[in-house]
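Next come two complexes, and both contain subunit A; in the first it sits with subunit B, in the second with subunit C.
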Partner chain A sequence: MEKFMEKYPGEIRELRLGTEGKSAVAGGQNTLPFHFFEGRPGQLKLALEITDSEPYDWTLSLQEFYANVKSSPVDWARKSVDEYGAEMIFLNLNSMEKDLPAGEIAAGVKRVAAAVDVPLAVFGLGEKEKDAAVLPVVAAACSGRKLLLGPVLKENYQEIAAAALEHGHAVIAQSPMDINLAKDLNIRLGKFFPLDRVVIDPLTCAAGYGLEYAFSTMERIRLSAIAHDDKTLQSPIIARVGKEAWKTKEAMQDTGKGILWEALTAITLLLAGADIVTLRHPDSLRRVREMAC
Partner chain B sequence: MPVKASDIQKMLPEYGRKNCKECGLATCFAFAMKVANAGIVLEKCTHLSVENRAQLEEILQPPIRQVVIGQGARAVIVGEEEVMHRHQKTFFRPPGFALLVSDTDSDDILSARLAKLSWTMERLEKVSRFDLLALRCGSGDSKRYSALVLKVMTATDAGLILLADSADCLLSAYEACRGRNPLVCVTAGNYAKVMPYLDKSTAVCVRASSLEEVEKLADKLKELGFENLVLDPGSRTLADLVRDQTVIRRAALRHKFRPFGYPTLFSAAETAFDPERQLLPAAAGIAKYAGIIVLDDVSQQAFQALLTVRQDIYTDPRVAPTVEGKVYAFNAADESAAVLVTTNFALTYYAVAGEVENSKLPVYLLCQDTGGLCVLAAWSTGKFVPEIIAETVKKHKMADKVTSKRLVIPGYVARIKGDLEDELPDWEIIVGPQEAADLPKFLHKLKNIATVQPKT
Partner chain C sequence: MILIGENIQILSKAVSEALAGRQARPLQELAGKQAEAGVHWIDLNIGPARKNPAETMSWPVNTIQEVVDLPLSLDTTNPVAMEAGLALCRRKALINSASGTKESKERMLPLAKKYNANVIISALNDTGIPSDAAARAESIMETIDYANGLGIPNEDIWVDPILMPVGVGQQDILEVVEFVRMLPDIAPDVKSTIGLSNVSNGAPRHLRHIINKVMMVVLEQAGLYSAIVDSFDRELIELNAGKKQDIISLIQKVINGEEIEIQTMSPVEKDYYKTARVIMGYDLYSPSWLEL
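What follows is the complex of A and B.
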């Protein structure tokens, strides 16, 4: 079968996160997703999502599931790693909705970062002004911890990425479901920010809610990076599956369905090129890991 | 990859300049054009040499052959795929889902499993269900296996897949159901005993445990005159699945490698003993080119999830997905309901509908037919503008459906508020959020305003 193998010119930059001792990476592959037969595989990371204050907007079944830890981000993060095997923690800063002082939010992030030995992603609201006000404060408070900060948008990348650069963090560059927009943002970032510290977030849709768009967008980004050696797109891709899967009608109806929706969406997007996948339920994490890692 | 008419013309008599008109067409080039579009058969050219005809037949073959299993309305057609990645064109033929049963299943288990054939799921105006039934011979007893075949034939008209190691079992089952156009699975171990008794038109699945073995066996069956092949390289892990399916499709499409120019079968049922653990491999089979996916004892929820993923991946990216432009009622909408208007782009609809359901408040959602354009694109091309929205509101008699005449428009088109008020003087026009996710909060606020300050 040798004659059917293909070598590709491009490779995905390795992402390093965390201080010494927890420098786990994503990316590093020089081939298409799961093409172990013709190239070097990259590292995948399955993250569990947590929130920095009560996850009141999460579906009730998940709030019940995390009842013992949901008011303590530190306990929640520890449990996610020690008990559920999360390879990364994805901390949603939902306390920003209550407009807490940025310093207070940043202190909370610092406590979570100190509590776990896995890499930490810290995610704002996706509101350009609020994120630009809070994330630089988080970046400074956690200086040197090599967090993954986001989302960085076309409208606020300068403020947030500048702070991330100064304090040694990586960023999640978010653009709406289009290879050209993802490329454009990476080009802008690349002018002053090292691209080996960028993760592309092209947005995610759950099964039945536009999964095909997320699938093809990620697949095109990855093909451009690997097969066409597009240097501006050679970053790991993040699929934020947890949030999308758990707001579906199906997940609201039934926890079992939610787990299925989350796991099936995750595996499909891993095949499209996602390197980091966020999940909200440990059962989906277990299933995806069994299969893919 | 379509064949060019000029390439066909060169192989016609006198390099395509004979122009004898005996085929009924004015010139050889016209004939070549029709051949290229499969509009006429080569036989119509009576002067074509035997060698050229064989050569033409070869180049005209699709790189991946079409194979039909079953018959009538339940026939499953697989193959004829044209691309490696769906954005390059589209994936054409969704994989057939086959439910696995065995002749060692007790009567209770068997009837419980067969009951799953009646599960249906309707989404985007399409009804999906199990497409095929895979019959495993676990007993090694040909009488028992044939009895199973006869029994399921009375229970379903779905296409059948015959899975047995012993040639005797396979052949007696084949005799029992050959009129149903089953897919007969053979291996290197049993094919020599089986093939002489099969009709040449039979759909045959080449089962092996590596790509090399599949190639060898497919070649042998082709030599024996069998054309309707399905390939199963025996993938058992995710990495194997991606490798096997990718190599087969790539070899067929890019290298025109004939032994791999057939649709594939992936037995998710054999990837793990626990049916729950077969779901992710099955989902991977959908994204990665499987033509038929054999499933063991799945739950209805899991099956629904798989059907949803299948429909997503096989959505044609060249066509904007739409829902019907009409009024959708949510959460027992009555005269107290809020009225929202948006476009009939399916993704917009599903995002809005999902959040409206989450709000648990009664809502009428009016979907303007914009030909599948999203809100901003439809507005900028004149398909979601005040005059048109007003007309739709009147056409659906929304004023008679609710007591409080308040129309919520998407936040992205806040600018049309004034003009829409002029078009609909009886209505209060309210600008809603830009993102569907903000709808539940917005709707609850809206409801409270309604109760605190009834509109005068």
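What follows is the complex of A and C.
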């Protein structure tokens, strides 16, 4: 059989996160998503999202669901891993909205990083100046912990990635749903930053709210990397599903629908090429794991 | 290749002010400089001309004809403005453009017959821009058929398959090239043209010229008859005149998929090489494609 198989020329770089002894890997595949029959599949990571201060902007049903832990990021992170089986914690720095001192925010991140054995992603507001001011402080405070920091944008990659480089972290490179711009940012990063520490975030939408565009962008990024051996795009892809799924009308009306919406969106994007998906409800994580892993 | 100068166009601030204020000097200078630069036609893009359409076209046509002798390509979607211009053109004009949409077929195409003008027929139709070479051919053949029925001969028809920006539809470029290649077989005597600069729309401004130039050579090799271009891109005009044979043969090698030794290339040659690889779809475009 081997003789008849055509091998793809490209493969996705393996991303290592977390400190020695509790490190984990994402990516690393030399074939397309779920093509187990013809190559080495990638390692998927299902992350649960938490916030570093009260998640006031989350839908009410989720705030109620996490009522016991939502004011303690450390407890929330532990519960997400121990009880809900998260393979990664995705920490949204919503405290940045209150303009807390960067040192205080970074200390909170450090406590969460110390509390769990799974890799930790730390995500700013997506505002270029605020993120460029806070994320480097987080990077320094958590030096050597191999966090996944983001987002880095065309406008602030130099500041944030330089700090990530110095302190041994990986970064999430975000571009607005455009394969050409995703490539552009990776080329710019690649001039001083190792591409095996980059995760591409091409942005996503929930099912029914433009998912087709997100799917097509991810699919083309992955095809370029694997089938056309485009070395600038051979990075794992992250799909931040939780936020998109839980702001839909359907999820806000009904928790059961929200779980289905989140799981369905995540599965769809895993098919398109996502390697890391972020979710907000453990039941959707369970469903995705049953289907995909 | 026949070049149509694009520089008198309503989106330029100087042009729109000159048109609105009826200032002849700036328009005449622009026309004169384009003629000096070596283009063969002058395009006159006045936009949709909603107010006083007839006068909006007749004034600049007369103004430009006072100073240059080149034929004019009249560029508006407004048939009233188009007709007013056609009535004044001293040389056989070019209607830029008609398309396969119902409205354009019914209102724009008859003007080509009435004024014995050339006419650009674009691939656009009522369902949008066709997606590949075959769909472009299908749309255009239908419109050519309609035009023939009105008594417009193939020699007066210039077809435009519509070139999309490389950052929007990179794979579409090869479909356009393929269409240009197949045109003589499917529509003998019909000419072809293209809005060249659109291919670099959205690319970094200082890098637009090299995309345009490589695209022109690729299309020229495929048999393109004419292109609407930036008259002030001197290197583009020189390339079209057959100068810089080394660059042309380098691009030809990329088109033919030949092995090329890149170590010995000069920086300029490398830029052309990388751009040709992007245009031919070997490498995925990004705004920093020259930096790889």
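We take it that the second predicted complex is superposed on the first by the 287 of 293 C-alpha atoms of A that agree within 3 Å, B and C clash if a C-alpha of one lies under 4 Å from a C-alpha of the other, contacts with A are read in each partner's own complex, and residues count from 1 in each chain.
The definition used in the following text is that a residue touches a chain if its C-beta (ideal position, glycine included) is under 8 Å from a C-beta of that chain, and two chains touch if they have at least 3 such contacts.
Quick caveat, the model's predicted, so the values are computed rather than measured.
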Based on the superposed arrangement around subunit A, label subunit B with subunit C as either clash or fit. fit
Residues of subunit A touched, compared between subunit B and subunit C (which is higher): B
Figure out whether A:233 sits in contact with subunit B (first) or subunit C (second), or with both, or with neither. second
Considering only touches as defined above, state whether A:180 meets subunit B (first), subunit C (second), both or neither. second
With the two structures laid over each other on chain A, which partner does A:35 touch: subunit B (first), subunit C (second), both, or neither? first
Contacts of A:209 with subunit B and subunit C, given as first, second, both or neither: first
According to the stated criteria, A:291 is in contact with first (subunit B), second (subunit C), both, or neither; which is it? first
Of the partners subunit B and subunit C, which touch A:188 in the superposed model: first, second, both, neither? second
Please indicate which partner A:256 is in contact with in the superposed arrangement: first for subunit B, second for subunit C, both, or neither. first
Across all Cα pairs of subunit B and subunit C, what is the smallest distance in the superposition, given in whole Å? 7
What is the shared patch of subunit A, the residues that subunit B and subunit C both contact? none
The answer for subunit A against subunit B in the complex is residues 1, 3-4, 6, 33-37, 205, 207-213, 215-216, 219-220, 223, 247-250, 252, 254, 256-257, 260-261, 263-265, 267-268, 271-272, 287-288, 290-292
As the complex stands, subunit B meets subunit A at residues 85-87, 123, 211-212, 238-239, 242-243, 246-247, 250-251, 255, 257, 276-277, 279-281, 283-284, 286-288, 301-302, 304-306, 308-309, 311-313, 315, 317, 347, 350-351, 354-355, 357-358, 437
Residue numbers of subunit C touching subunit A in their complex, please. 167, 170, 283-288, 291-292
Subunit C partner contacts - residues on subunit A that touch it in the complex: 178-181, 183-184, 187-188, 191, 224, 228, 230, 232-233
